[in-house]
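Please read through the structure below; I'll follow up with questions.
Chain lettering (A, B, C and D) follows the sequence in which the chains are written, and residue indices restart at 1 in each chain.
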């Protein structure tokens, strides 16, 4: 159950509301995001939700029986558009290509790539400066200095940056140089990282785990939303199956 | 290639050795653990390793062609025993049972479990105080205070504790109350966490990822070793397959 | 629902019984095996089965809610022993090793193998004379003549033969030279073959499909039983997963 | 290695050719289809294939190193079009929809479906009269009589029929009432069935096995071609993975 709260709900009204919901054997969780205030109610008892819906301070109320709540499509009247910045938003019906190399390697590579993207009308560049590598001996990326160089070049040309954040401690340093934080497949259920990304006002793209289910991916998104950040993109990047003719098996069904 | 260094190798000898190895188109990485000092050489060029083996400061040298090096069985003359503490070590040929609940829930549960373990000769108790949960609304464990309570009870009875650490920031707080740090399946490739656990002198048990390969598991162990910690246990906990008759499919082949 | 029939049930009693069961919205299927006569009732309506149990001609009656019925463990009072021949039966608590080469290749190989089995107390030899091969150009086995040669040698030494049958048309020719018919993983859901093997009085061993579920394997066994043959062995031979370190992943959980 | 033979190659030339190829340590297999005559050479020794290419009776020669040979794309100069009948062929660049129910159930259903297909310009109707069912108690289809009824209705309206054949013994009876024989996922490696379908001059559509690899699917097609039938369609029908949100995971990568 999701209760959308009025912007100007008083704290007395909020407490009263929580008491009413709790009285029906529901756990209550307050969620405050950049776009709204919510109560998430978790319980199993059926009751007439209109009785809650009519209470002061309630804007709207929705029954959501999925394992995830706030990221469910069921209570959204309209398709979501995710704001990247003042002039770019991504959402239903549009195709936005994000392109770039696996790793950011240096200025020459950046310049060449940016020029290519600009020439082809691509507005978002991807690349890694923190690279999760199976082996500790592999190149692990240029780090924050590489990101700054990359950012400087992109800003000149109006290109946005999506790049992977691997650890909560990197978030603050990266914040000013990133347009979209990417959570990699190996961190798809790194809940501390997801929690921390829920506390920034910046778009987060969560990649599906190597053997993650759709439901798990949506629950990972719920972590981010429940901590306060509604700007979430999901990425189907292929799953791990028995087939070895290609690296991953694209799961087309996952795309609604 | 793994070069075991003499304990009293001089820094001049070490530099000379690194120069010799690098000259053969090998990358060199120094590794210092609680038990020894190593150079890991990464390259493809074949050469007579005895030429390096005879240099001053070299104790022994081994060719290891696996994707992982230090954790490879190939250069170990004897089966490994992992020291937990002064009176407990775990290793080849022994069966050591670690038992306990999914989550630590409170004193009564702890006392009852500890009594049961003592009565049955079990020496290690498992349980979670930081719980990775698919849903952000599920109980996420009692945290550090729960761990302290648990530890106090276990110490009275001589029971050791194995428990999951989810985040680098938890390590320091947990250090004095844990005998074995457990890395959960979802964090099996959380390389920042593995790096950090390589810097403590405490046993680490890494669980195989939900769809992790044997090679990936060993490479995760390599992260810990390469940062300085040789006290590593690996856990086959079942993998994710198409079969839904049970939660996970135990991969018995994974156990050598 | 399984109704075990009296051996001397009259046809009038049988018809009456079927009418009673059908009247409760259950489909009825008669099954006659080498060991007994059954009615399998398929329906969802709950009723007091004792009312059927008391009818003349009924020996016993059991509720079985699994997707499979006759092969369910639920209605069996005792663990099953499968008779291979007068002096060999296989079943719960015993370990019977079946060993031999992938393909039967010729007399020398047969003689050498049989001698080895006899020396080691193994009583059943496996080998293929009809080989399912991914490629049409691979060796597909010595066929019926190879089987006859093999059989002659085995009979001299008291060794039994288990070998794969790939096609219904092979059954009759093979019947006198085989102790256990093996259904290969690729034919685990070849229902025409399973039906046909239900009509012989010879043990059948069904291998689990490469990605077959436990339930599917048991349903394949149900095909054989429902056609009249209760002498069924099941074989867990490993399943196909993402892990490529070994050819198949043994699913130990599958063994009760 | 594939050698395309001249239509009017003499038997002396053919024998000479086989001798030449065998002399290079290659196994030779003659293949005669409705469209051409081939020698498939299987071996590993490298040699200048032009020496064979210049021999009398040879039309063309191709090196094919895949596990499958005749169905490889590598030796085909042009994209294949598969002839269904005089007025319908299926192939690269065209989209041909085949639609219909899981099972053929009776005249009313057939008539309604055919009318719907005609109204929508669909030219091929699918449906099952022999149904592979996990449970022996499920409806297994109307069989050959159902097929005849279906065929009569389709012929009136110019609709073609694709339907599953489960067993070699069904082929002859079905032959006059089927436009495309479908091999189901469970029979994707039923090599006796594939062999038998190689001996008819009718299009065969092979569905990928539930956990079949691309290579295995192509090798199954090789069975049909090697027995003499080049009219082969392949069907990607989704594979079995850990994801249970949908019945099968469509493997889009499988489509070239």
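Basically, contacts are C-beta pairs under 8 Å (C-beta built on N, C-alpha and C of every residue); 3 or more make two chains touch, one makes a residue touch a chain.
Remember, it's a predicted structure, so these values are computed and weren't measured experimentally.
Asker: Please work out which of B-C and A-C is bridged by more C-beta pairs in contact, and write that pair.
Answerer: The comparison resolves to B-C.
Asker: Using each chain's Cα centroid, which is most distant from the centroid of chain D?
Answerer: B
Asker: Per the centroid of Cα atoms for each chain, what is the distance between chain A and chain B, given in Å?
Answerer: Centre-to-centre distance between chain A and chain B: 32 Å.
Asker: Could you tell me the distance, in whole angstrom, between the mean C-alpha positions of chain B and chain C?
Answerer: From the centre of chain B to the centre of chain C is 45 Å.
Asker: Could you work out how far the Cα centre of chain A sits from that of chain C, in whole Å?
Answerer: One centre to the other, that is 52 Å.
Asker: Check each residue of chain D and list the ones that touch at least two other chains.
Answerer: Answer for chain D, listing residues that touch two or more other chains: 211, 215, 240-242, 244.
Asker: Where on chain B does chain D make contact in their complex?
Answerer: 211, 240-242, 244
Asker: Show me the residue ranges of chain B that touch chain C in the complex, using the header's touch definition.
Answerer: Result: residues 211, 213-215, 239, 241-246, 249-254 of chain B touch chain C.
Asker: Show me the residue ranges of chain C that touch chain D in the complex, using the header's touch definition.
Answerer: These residues of chain C touch chain D: 27, 29, 40, 42, 67-69, 132-137, 166-169, 186-187, 189-192, 195, 209-211, 215-216, 219, 222-223, 226-227, 240.
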